Structure formats: structure tokens, C-alpha cells
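Structures for review follow.
Below are two complexes that have chain A in common, paired first with chain B and then with chain C.
Our next item is the complex of A and B:
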């Protein structure tokens, strides 16, 4: 339990929370506003992360251009997903979206010559003989770290620098999303969440609204992938398992799906849950090894989702009245 | 009750109207073995008020679903303002000015009452993502839409609910909201599917007056499904009667009232309801 009083632990929690906050923001726009149940959001993260790694390592692109292309590809993947499956009703779309993300992951897994396959980005063939892709942004992280050193001493770290990059973006994106959600565009989307016929009968192209929502959410998924790639500096297909999407869903449900600002607290809570389980050393958890305890998070996250659904379906910050209207 | 037929000087000879805003030509639809609408044809004159009556299951709402594009016809043509609309999407039909209400008063429960109305306004720059940065234009449009919504709510006595979730409204109030929302879209042809069911009689009279004013001032055309015969006979300048998916009579209210086929199929003892 000593880990919980170490600043390094909380720095990691905050860095992770920032990335997952952006990830969950994409889901919030899709589901909280548009009612689109996307269970394949992790696919967008995988696409942008791997795009960076491949373009930088294999083709020596600039990290920034590669990141830009990665986000664009995530948006295009969202559009492709929408164009092919968005006419399916709620549950069926959710299933199709899982399949979409799994296809993406299996493609990454089985295309060794491009993605490094099971060995991850370290095995991406490259002409220059190095496997890293974060050299350019590392200069910025180091610069931030150097500025932090006089203030926090040895606690200045790459993770702490990441906080100073990710969190301003998270706040900016939440601000943009909250402004977007005050528009009549979002009002039509909130209507489509309940009933397609009404907006359709009033001249609103429901499909276009939904497709736009899916693409915007995918952009945020893609941006989260950029930060993920930067944070971990090494990617492997198992980083993008289905469960990652449900981490985002837990944050969303905790925040209250319709409350964008609740994402901040909810993502910090998730970061704590994600990072803390391996340090829970009291009995009977002490009987488990550290990696085994780390997997407790899957159990705990499932438990939190079930508990919220039962006791507080509107989330911590949502309005209960919205849930009981018939 | 005001007889809206007097509000218009439109030619009521519907076999050859001066200008048919809607021309339904031999439309049919089948769902599996069921054929709710069979070979139905009629024309609606601009600025007229036509009612569709008939027993439950006659195909009235199915007819509205076909005209509004919610369901596609299996055969036939629908011409609205001289354009074939039977194959186009419902939102495009609505954009052309053909708006409908729903039998069950579909409201958006988790939007406020005012938001339900404001959603219906056409041409809102904020409806497009490209309008996101046009902050002033969006704000001005929203202010106008809100003012219009409040005016509509005042007409139907729902002002005090403006900022409440629409889901708290009663059945009758939902009907009023549905009707007001359709009017917010400023239609040229409005399909009303039992708009007065569950609404108190005093308010029904007021709503009929509002519709009459809209007809006179905005040259709006109405096609109404209604079961209350007194309302139908007083409000309409033409009545179409449906049974078993077909039109069995079509004419002036007085003639329909005396029509033996209609009496047998639908009116029967209900004729005494009409004062």
C-alpha cells in the first residue's frame, strides 16, 4: 500500500487518466449525445497509434505528420464503419462495431511485415535499424521535464511531462465538446437518441447527423491513440483488446453519459483503479502475484459498471430525472 | 365551432382542383400478405382542409406513412408540388414543406418542451457542423426560434412547461406539443394524425381557430385523420372515407354524411353524434 503515497504513482494515474479521458470523450459524443453504442472504439486508437509507429519507423516520417495522418485515418475508419453499419439499429450496430475493432486488431496481428505482428512495433522492419518512434516528441517531454526538475526534483519524469501535454488537450477538447453540445446540431442528435422518426419527419437527415457524430468520436479515439503511442513508446496488438473500449465505457457511465464535464473526475477514478490493483497487497489479495493482482482491475471495472447500472444509472453527475421519464 | 370551409375560396371540385398540391396516384403497399393501402388515388387542392375518416384498420395512418415517406409504396406515385416524392427520403419530403404529426404524439422526452419545438425550425445554421463557428448567426437564430417556440406554447397553454422535460407532459399535452412542433416547421401541407384525441374540447376549438388562421394567412393546406365526426364535419371542406385500405367515398362533408356506403361501413349509429 506504500505505493499510494508515492508521487510517481499518482503521476502515472493522472497521465493515464488524461489519455482515457480523451478516449471516453469520443464515446460521450457518440453515445451521450447521439445514442450510438460503439463497442469498437479501441479500433480507432489502434489505427492512429500504429499509423504513427509504422510511418515514423518504416518510412521515417515526422512524428507530427504521422500523428496527423493517424487521426485522419481513425476518422476515415469511423466514416467507413458508419457508412457500412450505421443503418443497423442499436444493439446490432454495437455488435458490428466490436467486429470492426477486432478485424483491425487481427489485421495488425497478422501483418508482420508492416506492423511487427505479435512482437509489436519493436519488430517493425526499418532501414535505419532503430525501433523507436518518439524521438521528436521526446525532445519536448525532456524539455518539460528539465523545467520541472528545479520545482519537483527527482520526481520530474516522462510521465509527469505527459501530464502537462495531455491534460491541456483534455480540457480544450472538453470545452469544445461542451460548446458543440449546446448547438442545435446536438439537439437534433439528442432527439435521434430517442426516436428517429421525429427528426426525420421534421427534415433532419438522421443518417448524416449520426455519421458526423461517429466520425467526431473517432477523431477523439484517434487522438487518444496518439497520446497512448507517445506514453508507452511501444505498441503491441494486446494493447488494443476489446476490454479497452469498456474501460472507456466505465468512465462514461461513471461520469453520467450526458455530462461531459464529469469525465474529468471519472477518468481520474478509472486511472486510480487501473493503476492501483497491482499494489493491493492486503490479505487475501496478498496470495496473488503482482501481475495477477493487476488483472483484478478487469473484475473491479466490471463490478463498478454493474453497481452503477443498479444503483446510479445516471452516473455520478447525471440527472436521475432523465432516466425515469417515460 | 367555426366552419373552416368558409375560410377558403378554393375550388372544392376535387376531381379537377385548380392546383393540386398533392396528387396521390394509385398507391398501394403490402407488408407480407397484408395490404393496408390498395390502389388509392386522390388530389388535394392547395389551401384546402381535407379529412380522412374510417374505421380502425382502414389504412389511414398507413396512407400518411406513405405520403410522408416513412414507408415506401409498393406501387403508384405521389406527386407533391409537381414533384414525385414516393422514392425519396422522409427528411427530404419534409424539407419540401410536407410535415406530419403522429398518431401516438411522438415527443422527445429528454428534450425540454421548448427544445422539442425549436428542433423543428428549418434552415438553422447550427444544424450543420459548418455553422459551429458562426457563433453570432447561431445565437441570433436560436433567439428567434425560442421566441417563436414561446409564442406557439402560449397558443396551446404550455408556456409554464417550456423548460421542463417533455416527458413530464400528459397525453393530451403531448398531442398539443406534437401539433405545435409541426407548425414550427412552417409546412405548406400538414398531415395531422388524430391531433385532437385526448385534448379538452375548449382547447380543440382554440386549435381549430389557430389552424384556420394559418390556412387564411399562410395559405397552409391540411390533411387530417380524425375520429370525432363533429370536428370533421365542421372543420373540413372535403372528406375522404377509407375502409379496408381503399377509398370508399370522397366528397363534401354533407354528401359524405348522407352517403349510404359510408353509413354502412363507418358512420352507422355514430351519425347522431353530430349536432
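Our next item is the complex of A and C:
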């Protein structure tokens, strides 16, 4: 249990929580405001992460310009998804959105010449040699940790630098999202969650409103991909499996469908769950080998999702009637 | 010509497995309005349990398959009692059902990994033995699967159309309220649906394991969307439709590799053919091949 008193562990948990918090915020806007069940959210993160990797590694773009293009492409993918399938009813859209994300992943997996295929971004042809892969993310994070060093001493690390980058953005986005929820735009959308006909009779174009929500959510998915690329530098197709979307959904239902601020606690809880299972060494878990304990994390996340839906479908902070809709 | 025969045969084999898995998913949707995200992992479970019994414990292969099917039924029964019944009582919405089914999948996968390991497995059957049929190479395992899967499909179709509980299922799916007042025991219908889908999941898993030759514990999960494609193609909630949709999708996935289809789809894009079929059917004919236009989607 020593691991849990190490500051390094909590720094990692917070860095991860920040990235997933932004990821889940995108889902929360889509579901909480627009009632859209997007189960292919991971596709947006994959698109922006990979766009950055390719532009930075292959074409030596600056990281931040590549990040901008990555987020734009994620938004475009969201728009494409919405324009084609958002007219379907909830469960059909959910399935279509998974198909979209899986097609994206298969394309990444099988287009070796662009994405590096199964070997991940390590296999992207790189004129600068091995160092060129992690060069830019490393420079950005080292620049920050150099400035942290005088304050925190040896605790300054890559993960801690990530916290200083991600969390201000998370707070900013949460603030924006909570402002967004008070706009007339969000009120129209909330009305569409209950019944399409009322807002339509008031002359509101329901489809366009929902499409906007989907794209805004996708932008946050894309931004999560930017920080993912920064944190891990090397990406592989198996980083973007279906399950990642459900990590986001776990955070979302833990927080509650419209409780933006609940996301902070929920994503820290997720980060802890994700990071801690390797270190749970007490009996009977000590019988499991270290890789087996990594599966334990998936098991626990499944368990938390089921428990929440059975006992507290509104999440820790949410209102019951918002989660049991439909 | 021999290519055409080869891919048609492959398509029938794959399609018959899709059909078996898809009919379970479709029945569950028709009765419970539940999209079973855990269906893929029930395939994996069936394949690994059959492996454990027939290879590790050296029991009879057919006996092992039967035990695996019973295990699939048992787990489904258990989940119906502890989960689904409670969710129905709470009037859980679409999202809750989605997420709980996913939660089941997320819990099942590590259990399989823990119990049976993460290594790639293969059944104790000669996977290299092939026959020559008009220039096409037909594997012994493929032939076995095609024969037994076709027989299973026939049994399923007969069961749904003739057996009392099969009729009750269709009646309940058509009009739950009317079925309930005309004396159909709802809990019994739901339980029967779960048992059928559990048994079919294990069976399809063994078939898939045989056809692949080697399988690992992401086998079922990676097929899940293809099953959904088969279900949607054959009209979601229509059991016969799912059987036909599965066969059609299997044929389409294999035949799309022939050169007449835009020069042939590379074999590693086969799953994408299924996903794209899913999206295209949802876009242009969401009611599926057996549905009618007025159906709400």
C-alpha cells in the first residue's frame, strides 16, 4: 500500500483525471444538454491524437498548430457523424456512433504508411530519427517542470507538468460549459430531450441544435486527444478501443447528467481506479499477478457502472429524473 | 470460378455463425428493448470454457459444448435475477440498459482472462485438414461448422415458430400489454429469451473458435458490431430476419473480397465492410430488409 502515500502516484492520478475530465465533459454536453448517446466518442480523441502525431513526426509541424488541426478534424468527424446519423433515434444512433469510431480505428490500424499501423506512431517514417517522436512533447513538459523545480524540488515530473497544463483548461471548460447550460440555446436542447414537437412548433430547428451539441462535444473529445498526445507522445491503435468511451461514460454517470462540477470529483475517482489496481497488494488480490491486476481495473469499472445504474442512476450529484429519461 | 465458390462457401460458414449470434441479440431486443453489448463476451466465454473442458480436462468435445451452453444459460439466468429484473422494475431507460449491458461485458472479460488465461487457444481438432471441392479449398473445421450451424439454425427457426414459448415470445414482442393480459407469463418469456441467447452465445463462440483455428479472449468482442450489423440488416427485433441478415452479411463480407467489388476489399478490412454495412443500412433502410417503412427508428 506504500504506493498510495507516494506523491508521484497522486500526481499521475490527477494528470489522467484531467485528460479524462475533458473527455467526459464532451459526453456530458452531448447527453446532458442534447440527450445524445454517443458511444463512439473515443474516435474524436483518436483522430486528434493521431493527426498531431502524424503532423509533428512526419511533417515537423509545431505541436500547437498540429493540435489545432487535430481538434478541427475531430469536430469535422463529429459533424460527419451527426449529418449522417443524428436523425436516427437514440439506440440506433448509439450503435452507429460505435461503428464510426471502429471504422476510424480500423483505418488507423491498417494504414501503415500514414499512421504506423499496429506498431503505433513509432512506425511513422521520421526524418529526425528516434528522438523526433517524443521531442516536442518532451520539450514542452520539460520547460514546465524546469519552472516547477525551484518550488517542488525533486517531485517535479512529466506528470506534474501535465497537471499544470490540463487542469487550468479543465476548469476553464467546466466554467464555459456551466455558462453554456444557462443559455437559451441549452434550454431549447433540454426541451428536445423531452419532446421534439414542442420546440419544433416554436420554430426551432431541432436537428441543427442537436448537431451543434454533437460538434461541441466532439471538440472536447478532440482536445482530450491533444492532451493525450502530449502525455503519452507515442500512440497505438489499441489506446483507442471502444472501452475508452465507456471510461468517459462512467465518469459522466458518476457525476450526473448535467452536473458539470461533479465531473471533477468523478474524474479523480476514475483516475484513482485506473491507476490504483496495480498497487492493490493485499490478500486476496495479492494472489493475482501484476498484469492480472490490470484487468481488475476493467472489472471494477464495469462493476461501478452497474452499481450506479441499479442503485443511483442519477449519479452522485445528479437529479434522478434527468437520468431515467426515455 | 473457383474463387467464387471459395468465397461463397466461406461466406456461408461465417454467415451461419453470425446468424446464430444475431438471433439471440435480436430476440433480446424484441422482448426487452435491450441492445446486448455483452453478447460478444458470451461467445468468448463459450469458446474458452469448451477449450478448458475438452483440451485441458480432455473431456468429450460435444459434451464440453453442451456444458458450455449450459454455463451460458446459467450466467444469463443469474444476471436476469440480480440485474435485469430489478432494472425493469425501476423502469430503467435506454441509456441505463445500454450501460448495464456494457458493464456486464466489462466484468465478464476480466473473469474470462483470470479463469482461462490470456494465451491464444486452439481446439483439439486438425485445423489443417482440407478438402478439394471444384477447385476451392474447404477446411474440415469449416465443413463441420457449416453442418452443425445449419442444423442449429433450423432448430432455432422451428423453435420460434412452433414451440409454445417461442410463440409467446413473438406475441410478447409484438404487443407486451396484450400478451400480458392474455395470460402470457412475462417473467417466463423474458427468462426463456435470456436462456436461449446464453446458449446460442456459447455455441456461436465454439463455432467461431473452430473456424478461426486459433482464438484469444478478444474474439467475441471484436465481432460484436458485425452481429449488430446482421441484426439491423435483418430488421432489428425480427428473429427470422436476424438469421437471414447473418447469412447475407457473412456472404457479403467474403464476396466483397472478390475483384468485381471495387477491385476487392483487402481481407484486413473485412470488419469494416460489416461496420459500413451497419451504417449504410441505418442510413438508407433503417427498418431492415423485413421491416416496413412506418416502423419508428
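Criterion: the second predicted complex is superposed on the first by the 309 of 326 C-alpha atoms of A that agree within 3 Å, B and C clash if a C-alpha of one lies under 4 Å from a C-alpha of the other, contacts with A are read in each partner's own complex, and residues count from 1 in each chain.
Going forward, a residue touches a chain if its C-beta (ideal position, glycine included) is under 8 Å from a C-beta of that chain, and two chains touch if they have at least 3 such contacts.
Quantities reported herein were computed from a predicted structural model and do not represent experimental measurements.
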Chain C versus chain B on the shared chain A, clash or fit after superposition: fit
Touched partner set for A:84, first chain B, second chain C, both or neither: second
First (chain B), second (chain C), both or neither touched by A:295: second
Touched partner set for A:58, first chain B, second chain C, both or neither: neither
Chain B versus chain C as contact partner of A:259, first or second or both or neither: neither
Where the C-alpha centre of chain A sits as vertex, the angle toward chain B and chain C in the overlay (nearest 10 degrees): 80
Contacts of A:278 with chain B and chain C, given as first, second, both or neither: neither
Chain B versus chain C as contact partner of A:41, first or second or both or neither: neither
Which of chain B and chain C A:180 touches, first, second, both or neither: first
Superposition-derived comparison: chain B or chain C, residues of chain A touched: C
Minimum C-alpha separation between chain B and chain C after superposing on chain A, in Å: 7
Chain A positions touched by chain B in one structure and by chain C in the second: 325-326
Complex interface listing, chain A residues touching chain C: 31, 37, 39, 84-85, 88-92, 94-96, 98-100, 102-103, 106-107, 109-110, 243, 246, 249, 253, 288, 291-292, 295-296, 298-299, 301-306, 309-310, 313, 323-326
Contact set on chain C toward chain A in their complex: 33, 35, 83, 86-87, 90-96, 98-100, 102-111, 113-114, 118, 225, 228-229, 232, 266, 268-269, 271-272, 275-276, 278-279, 282-283, 286, 296-297
Contacting residues of chain B [partner chain A, same complex]: 68, 70, 89-92, 94-95, 99-100, 102, 106-111, 115, 118-120, 122, 124, 126-129, 131-132, 138, 141-142, 145, 165, 167-168, 181-182, 185
Chain A residues touching chain B - in the complex, by the definition given at the top: 179-180, 183-185, 187-188, 190-191, 193-195, 197-206, 212, 321-322, 325-326
